[in-house]
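So that you can tell them apart, the chains are marked A, B and C in the order they are listed, and the count of residues begins at 1 in each.
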């Protein structure tokens, strides 16, 4: 066996190294899983991690990476702020859905008016919707001390119900011959979120994600609020001593993450998804939790992690069509990644000493 | 006189990375002897007793118990061999009752009903009455210690280890405890008594072993030595007693009136109508046994707990309803007892920790953005002025020793030049040199015209630096009195006497 | 005395069935939390229990083997949680979430090819003439064995926690792990065992969903039951009998809303189907706002990792 010894100062080298180690370990374990499923592990890993970047269809698929990474980045950046402060918003999926619905509703309400103010208004509406949905657990936590984890999660189920009502009821396309789903935004220029440069996958959501990353980085590094967020997460009593209001922080962090998740939903519904449909949400809100941790709750780290996660989505789809890999295998793969990451995280705060020997892993 | 050796230690060593906690420690304890283990904080006393109790294994050396090799792999084995220990911290469960707490410390406890009877019987037999059904979280510090002692006594120990037992007791309670210990020794139980309080050791112990930096530096018979001689063996140098200026105090700087506030923690003590004033240039010492409202008083003064406006006033202006940063702006700085996690964030660097409370008075932020360059300068300044031993200001707070971190925390507050400074347990767990330094810094601040409030459980410390003394007892504060001419008995009575502990008739009960 | 055409005896009967999964999962989590561990992976363990139980039952033809398989499957995945939180000292909240995400994916992978299959049926416990007692027979006495087993487990957990040495040690570890360690108790080992027990219960609960309650296999079949179980532990203020009450309350709401949907009540279907979640939130608010009361019962070391220093 081995014993653990707390490092006096957290290791900077391991803080950067652990995500890469986790990815490597996941590839090995994932390969074993794929082999167990009767697939050639090397072919699968290559299909997932190499082909979308450098393979035959890479030109198209690279764009898809941006499309998938943008919502993940937007949501994960927001979640990371809360996670750093010890505020666990795990209902981003719900905030994403509600943001998409409110934003879409604004556009659909004025259909078919053409005005350049419509899309900006929808963006505000999307952020607002996500913010409101996140304010529910935030308020309940600050006023009644209710656990925000459970409430935000319960609200995902509620949001899903509202989504199905929206798709089949109040936002249904009146010209859709009774099929569920709203009007398509791709044929409504004033409210659409098209590719800015054809074939690149670049849409307004990608731009927003990049802005969010820079904004969050500045907030955390240079701004007092960012410092307070970190302080509250690491040492709540010290934060109180420093004059940080825990309630204010809960409201701000939940609000920011909700608004960002709502934005992600809005950009998705108006762009890549194209319409409100019953199964419009595909779990970005949950995957973003993995992304946030994989990026070590650091905004630029999150950007890289989101790209990697997008790669597993895009590559996973390829592996599904070309090699018959079950689509759920990729979710297992993503879950494993988070497990490995949490396991190797230990290295940045502890030294491992092997019993009996003087060897140690530094 | 050839004595009957119960426990013998030979060449015990234990090394932790970067520090040799024990280095070739040898000594022996006779049967029925009260043996003192004397040393400063960090001298290696705790590590040594943990080895005797089976919590830690020595790297080298051997122990014998009644002549037989003794190497307990775990506390259970130590208990089976007749070794029991009363911990200073970390061994009671607040949400469980007395009987359950006692049962957890025994290997084969009798059924609950029978155990409750035994607890009553033994606790009264030794003059330490206890109600087995009470929740431990509701007990006073002295009563909590009784739970620990009873837990040990029920197992009929041959050797009882007591780790700093009097730090939580009033002088009267100390007398009762000593009575119990003498009774035990007379019945043949050996006691290993760990302390750094010399007068107590002189009063109680038959033999003493003195540790410094993990090594035995001397043994003596305490009754034959003066406290000063033992202190010099313990510290290894002559100590400087802080100098006091003895100036006339100025006008009232801090006034607290009818301050009542509920404790934020489940088993805390609420403050009830606290009144006092502190003048410029004056040091007020607030004594009291742990858990009588010290934490709450600090929180109410630092602004972490808010109260009606006029309950706390600075220069006559009510600030009871403002938060910590507003109060800093108004001139109050505070240093809480718990260094890691309250006064400082363990995983953050000293620079970041300098920002923690220094942002307002030192102007370290501009329109919400942090001026890291100025913050670093401030941190450097504190490290230099207060002689904080650290590789650099980028080091995490948790990497510093207790004394160095305390110097940093106190330095951070003092260098903001507050008009009122409030500190809780400023030298707790700090070595003697650092403690003297910190006390001097507080006196210097008072001389510079600040009102200083020192909350401390160390009566000697208060007597050394305070002009006036008040006692905190169950959330109530006594009328402050001048420290000059105050006797230890008077202080004891002010601290709440024996906390309702009756000196029950001591009959000889064999546990 | 039917209303909306719902027969109260049938309603109670289905309430008892509907509450079994959350009752089992919640009583397991209660034990885990009493030991000071916050395992947010209940949903993941339940769904692993559901899929492993289903597969085992289909292949052996025995629902009992299915329950064992379900418990084993959940325990297997919980070992990862135990390893990460107790040995690698990973954050419990994050690890629990990871287990849920992983469990949802893995169950879906394992369950491929089992869609649309009927599992072997679970027989009711034959109670002879007792079943013919009017109302009571239909409502309380015509159920499969797991309904009664789950109640017995709640009673057992209550008795063990309150009266036994094991229960006392478990509570002590959850209250103050440093003190427990100082007294020589094996904090880590006790916590791992508690995690395994919690997983077995969640696995049984999950298996009950796929074998009895639904009974078939579909992806995401537990639909948040694990999260509701977590909420019930808070609702119950960490008291076993209140878990029973909580589970019946939520089982009742679920059954009632389903019945109302079927009966074509005038309340829109969406409101009905979101009602269990909304009521969970409401109950959480009520329980947590009673200042300190519920909080005082929460194990003091809940969610904190233990690392024996020096």
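Assume contacts are C-beta pairs under 8 Å (C-beta built on N, C-alpha and C of every residue); 3 or more make two chains touch, one makes a residue touch a chain.
The chain lineup, named per UniProt: A, C = Nucleoside ABC transporter membrane protein; B = Nucleoside ABC transporter ATP-binding protein.
Model, not experiment: these values are computed from the prediction.
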- Message: Farthest chain from chain A, going by mean C-alpha coordinates, please.
- Response: B
- Write down the chain pair with more C-beta contact pairs when A-B is set against B-C. A-B
- Message: Based only on mean CA positions, could you tell me how far chain A sits from chain C in angstrom?
- Response: 28
- Item | Chain centre separation (chain A, chain B; CA means) in Å | 47
- Length of the line joining the C-alpha centres of chain B and chain C, rounded to whole Å: 45
- Item | For chain C, residues contacting two or more additional chains | 295
- So in the complex, which bits of chain B are touching chain A? 17, 302-304, 323-326, 328, 334, 336, 338, 341-348, 352, 355-357, 359-360, 365, 368-370, 372, 395-396, 398-399
- Item | Parts of chain A lying in touch with chain C, wherever the complex brings them together | 4, 6, 37, 88, 90, 140, 143-147, 149-151, 153-155, 157-158, 161-162, 164-165, 286-287, 289-290, 293, 326, 328-336, 338-339, 342-343, 345-346, 349-350
- Message: Please output the residues of chain C touching chain A within their complex, sorted ascending.
- Response: 40, 80, 83-84, 88-91, 93-95, 97-99, 101-106, 108-109, 112, 219, 223-224, 227, 230-231, 234, 268, 270, 273-274, 277-278, 280-281, 284-285, 288-289, 295, 307, 309
- chain C partner contacts - residues on chain B that touch it in the complex: 16, 47, 50, 54-56, 74-76, 79, 87, 90-96, 100, 103-105, 109, 266
- Message: Going by the contact rule set out above, which residues of chain C touch chain B in the complex?
- Response: 165, 168-169, 171-172, 175-176, 178-180, 182-185, 292, 295-296, 299-300, 310
